[in-house]
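In the two complexes below, chain A is the common chain; its partner is chain B in one and chain C in the other.
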Partner chain A sequence: MKKKLIVLSAAAALSAAAAVPAFAMENEFHGMYKLKYFLTNSENGGAGQLVPVKSTTAANYFEQRARLFYSAKANDDLKLVTGFEIDSVFGDKSQGGIDDASNKNTTAFRNSGGGLESDAVNLETKWVYLDFNIPSTPVNVKAGIQPYKDAFKGIFLDADIAGVYASAKYGNAQTAIGYFRPYEAMVVSTGKAVAPRGTDNFDIAVLEGKYNVSKDLTVGGAYFLYSDYRTNAPETFHTFGVNAEAKVGPAVISGFAAYQTGFSKQTTNGLTAGKGTTVNAWAANVAGKVKTGPGTAKVAFLYTSGDQDKTDGVDHSWQSVSQTKYSATAFTPNGASAANSYNESGMMLLNRNAAQGGTTTDQNIIYTTNNNGQGAVIITAGYDATITPKLYANANVGAGLTSENNATVAHVDSATGSNNGSHYLGTEINIETGYKLYDNLTASFQAAYLFLGTYYKNTTSGKDPVDPYTARVALSYAF
Partner chain B sequence: MLLASMMSMAGAAQAATVKVFVPEFRVTGAANRDELKGSLQGLLTTRLSGADVAIVESPQSADLSVNCAYIAFGKVFSLDAQLKNAAGTIVGRAFEQGDSADDIIPAVSRLAQKLNAELAKSVKPQAEPSPASTGTPIPTQAQAPAPIQANITQVVATPAVIVPQMASQQTGDIIHPQNVTKAGESGMIGQRLDGAMIGLATGKSLPSGERELYLALEQELRLYRQGDKVTLLANEKGFKANEKIIGIDTADLDGDGVPELYVTLMRGDELASQVWITENGTFKLIAHDLPYFFRALPGADGKSKLYGQQTGRDTDFFGDVSEVVKTGSGYELKNPLKLPRSATIYGFGRIVEKDGTVRTVAINKDGYLTVYAANGEELWRSNDRLGGSETYFLREDQQNVRVTGEQFRKIFVEQRILTTRNNDIIVPKNDGFWVVGNSRSFSKSSIYSFAWNGAAMEERWHTKPSQNYLADYAYDEARKELVLLEVVKKPGMIEKGASAISIKKVE
Partner chain C sequence: MKKTAVMMLAAFALSATVPAFAQMSKEEKDQCLLASKNCATEVNTIQQKIKKLNAEIKKGKKVYSADELKKLQDKLKEANDLLDKMFTNP
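What follows is the complex of A and B.
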């Protein structure tokens, strides 16, 4: 009999009888890096609505983004979570630049550091929050600057935001309550907070509930309070909604319906109805996907209500959260720097899809779900194929329309001088294919072409604008 | 022990061939007694026969006869043997016990080993061995036909009283048989298996003493016969590109005496598990699209049970871990286990205290071995990380895609925690230089055994650290053997990697 005998070391065989360590900090690291090379006639590395133009020379540029997440974990019930970001553009200004706000040269500003010799102060803080469980309860609390995405697939709020969010799980039921403070009021001339602090804020409160009826059916509901009292033109509205996800046979179906009501003395971006507006808006979604062949076929539909800009004192446009940093008098919600998303579409140019972004470039035809007060209808279909365990390919097609047209967006037919009546924004086709070089490193190619619709007919000096396109080569590493 | 065996070998070298007759077994308490009489006789005969033992057909021509009885009470059985000389005098006895039909063949093998030792004692060495003598030695225990002919490393339990520094004692206690040099003391069968395997499950024990092993890659099943080497018997590659195997287990739920292969398979981010059997050298699919994670674990009674858990729309692991039972043509989950909230089907085990109190052992999400009371209270936690796996499945993660940039998140499939019949637990430990976040590349491994003393876990033994990632393992309780599946070469951009099997004896 071929046997070997080894007497094992007992050096490490000390009775590990110690109780839970009194203090044993665990360090947990996660992160991602994404590098993209763009060849595009419609993107420029910025963020905002993509407005089609008459003609343009294609741009090409490199962007990179690194995110590093560090958690200091005291035990299973307590940890400090931090997240940092470094964005850069190859060849961009590095050792100095002009700060838009102060009009002064500075070496510390966002998204710099990609120039020769690189040195720049460009570290951004994404998250800093405590994540802890309250002893002897099922309650978990996140307190601090944290990521949050709403229960309506992000069409109202999908952002990093400061606040306190407490959730609890009771068997198959989950509940949550949260308070976030996106902004305090600020004296624009001094840049200081309005005293006494905390009285005139932009606040968001949230209540959520979810119940797993079975392993194949989940239902939920959510309520949001949006209250912005930073100026003399306050805005307060409520968002109610329900959602569900079910597996029916081979298909997974999900969706939600939400309604908004309240008032706004501000002028919603894209509308001229004036002060004293009542908010009365809604949104709905349904999506399905089914495993077929070597991948997943999917369809999705989103509707957000719009407003025709009639002076009826009612804003029918779906209100979505966006950055409204400072203003002397009033803000224009639903404008630049969106803090909402709709990733289910699979689109690259048609609407803001955070899953297809990942770097600084963030430009789309339907940039917010409010869509300049016009609302949006987005109908998409796609197929995600796994060709081999290392190789994948996705293809999507999607059409976008406005729910209502208003006059605030340049869709004036220059031949007739009046707004185009068409709601049809365009149809996008896109593909993505990727290869996993290693388990966590993927090289991919993305391309999208958007056939502009009749909404944009003759809007550029009597001619149709050029159809936007983009092609991207990306390296993505996540750990 | 081995020294004694080697001395015995030296003596046996001068012994003559002994003629042995094995009559039919006496069978009591078994349903198929007539069939067992002959089959048990045959099993024992093959295990006794060899160069040193001559099996003869009649008692008249035999030096010794081996009279055996098989007695069953319920599922518990005993094999009792008496060694008689030509005069009818009992010159040796041996017995073996088992508690299920699965144990019969291993028990016969063990009984044969004991009888071989008795045979060696009963045969007188030749008085004056001639240099030209060609007498065949009678087998000793060390030479007896092994149930498994592979290179085997023995794992010896450390004493109850732990001595922190035992380097000098180790030097004196380590004995290197000749074949150790060849295999580098690892017990590894020096045979590269193509591909980085992710799962292992033991199949049938063969009359030859070999065993069947099922191995799995992410998209392939293989059946090997494992003895001195591993031989590929069958493979199955009929999986779609979007399907991924994350684990395999064997269990005999249909009660036909042949274990089925339960394959936990993800199709995209949905469970679509399968059940296979092997027939005539090919895999045959008998059930598919089952919404269960599978894991087979030994119970406190030593019997293996297949457990299952489901996945939910909103949770990775939905509902209780329950026993999988076969109902007609389908499968159902029954008899749910009461586990701590954080425990899932992967990475949990159970131990029973002397008073019958059941404790749950689990590897928590940070990798620490933790003991829980029935009410979920944490009783004890290890100071070292254990477990660790590179096998994972994906779930869609739209909630965090803006932050992570990834459409899917990884859920790692934790290592098995096995409970032995004497209520010890066995748990692997993977370690490595690059284990950060969701990027895992383990490069070292070892297997540990612990015993619960009512207040804390005490280490019984651990295997010599291997310089390879341990993908999966099994413990053959009957043979006291660890069967380890190690990845000896990680897959690269193009390369599929390679794996190897190691066998370690635990005594």
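What follows is the complex of A and C.
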């Protein structure tokens, strides 16, 4: 009898154990979808600097982006995070393949699939990284292709990037150390990495620290090593900076100051750098926001240094990370395909603000914080109102200037034949209003108009270029 | 007597380990099939997760220990960060 009871109890215990798995895997799926319809005289679905033109017929197009995120969570201390992206413009491209006659691909790959019948292989990798805590330590490690935004509000680096980043919390202090490898050296003719791998890279290393002095005051600092040895024109410079955020009554004030020093043998922004240019640049920011009425009022100021004299052997322009791929000789940093941002501005056309974008269209007057070696001054003010729990409206105004002018960007007055001396790029006003159709789905309208400044005076065949504008209707779904 | 007690205990243990599938009564329509609602295997949207975490954090120290509250707050930050990055990550 006793035996039977023991067997029964054991069976019950076993079944209980079987029914509650000790290591239940948590599968988490999230994502977003954004559809935008554009009516604009300055955007075309691409990315890069917005160069004002004499006159242009307004473009209208639909653009969509989906992002899918899957996390495989073994437990609270260990997970694999993945993210994917699918971008398309309605009617653009589909059915990519190799053209028999030219033996070239027909480009229906990334950002395609919006043409008739779709049928494009257009799934992009965004994130793939392991996120885990080291047992019995306060250390968290993220290893793999991950999102990273610098402690200077993204003006140096804001991108998806492959590397290893370890952070730790000790009471009120936080520290972090990271190593990222944006590119290996490549044999351009074959598209293969230069052997042995890992010897001639573009590397970025980061050290960060943060301390909560009180619940209302946080101070921090960061250091970045930018070291690009892919070609025989290397570039290595250091970025040091401090930042702080304080709550003062109902207001939150934040800012940073950063300095760059190093050298570059690359021909950056037309600088005469062949013999080796010294980098000597800086940036500063201060911003405030305060809750007032039904929303938040905000002001912000950003300065990045620029370079005027290209022959003095010193590059004073703030260096920002951008995509620099495929070259056998030298790269042009700070150029096309920015990997930095300044979202605090609230601008849509004036500067690169990833928060106002959300689809592939990514075109701005100040496209990188380097601004073609000229640096930038961006002064903005705005108000974000929550009118009802379902309805919101935002308005922003902002002015942009170059810190220094140089001839690398065409701003020649046709009447005088020389570059305009004015630093004033223009002033943007914009609005956004949105309504939550569901908790997850928001319909919104964005519009921006940029009054061009005297920097562009008479720069298009003796006439001023037309002021850029954009109007967008959007649907945003997040789950 | 002892045998009955052990069997009841075993039955209880078993019943406790069976997931509660029967959240919908037979009289109700199958909202899960009909409208993807009330599914026993329902997963949270990011907004639901944030709402739930906020609600749990609000319960405070009456329900959770300080460590547990910190864990919930970390998870809330993580969820808010993801929602933010979905739209603002370049």
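Operating definition for what follows: the second predicted complex is superposed on the first by the 439 of 479 C-alpha atoms of A that agree within 3 Å, B and C clash if a C-alpha of one lies under 4 Å from a C-alpha of the other, contacts with A are read in each partner's own complex, and residues count from 1 in each chain.
Just so it is clear, contacts are C-beta pairs under 8 Å (C-beta built on N, C-alpha and C of every residue); 3 or more make two chains touch, one makes a residue touch a chain.
In this text the structure is predicted, and so the values were computed from the model without any measurement.
When the shared chain is aligned, chain B and chain C each come close enough to touch A:Ala354.
When both complexes are overlaid on chain A, the residue A:Ala339 reaches chain C alone and has no touch with chain B.
Looking at the shared chain after the overlay, A:Asp362 reaches chain C, while chain B stays out of its contact range.
After overlaying the two complexes on the shared chain, residue contacts for A:Lys153 are found with chain B alone; chain C is out of touch. In the superposed model, A:Ala58 lies in contact with neither chain B nor chain C.
In the superposition on chain A, A:Lys34 makes contact with both chain B and chain C. With both structures placed on the common chain, the touch criterion links A:Asn440 to chain B and to chain C.
When the shared chain is aligned, chain B and chain C each come close enough to touch A:Asp76. In the superposed three-chain model, the partner touching more residues of chain A is B, compared with the other of chain B and chain C. Within the superposed three-chain model, A:Ser476 lies in touch with chain B and with chain C [touch as defined at top]. Chain A uses residues 1, 4-5, 8-9, 11-13, 15-16, 18-20, 28-32, 34, 67, 69, 76, 126, 147, 158, 160, 341, 343, 354-355, 358, 439-440, 476, 478-479 to touch chain B in one structure and chain C in the other. Residues 1, 4-5, 8-9, 11-13, 15-16, 18-20, 28-32, 34, 67, 69, 76, 126, 147, 158-160, 338-339, 341, 343, 354-355, 357-358, 362, 439-440, 476, 478-479 of chain A are the ones touching chain C in the complex.
Touching chain B in their complex are the following residues of chain A: 1-21, 24, 26, 28-32, 34, 65, 67, 69, 73, 76, 83, 126, 147, 149, 153-154, 158, 160, 210, 212, 215-218, 245-247, 252, 291, 293-296, 341, 343-344, 354-355, 358, 385-389, 437-440, 476, 478-479. Chain contact summary for the complex, chain C toward chain A: residues 2-3, 6-7, 9-10, 13-14, 16-19, 43, 45-48, 71, 82-83, 85-90. Listing the residues of chain B that touch chain A in their complex gives 2, 141-146, 149-156, 158-159, 162-167, 169-170, 173-177, 179-180, 183, 185, 187, 218-219, 228, 240-242, 244, 267-268, 270, 291, 310-315, 318-319, 342, 364-366, 378, 380-384, 398-407, 436-439, 450, 455-464, 492-493, 505.
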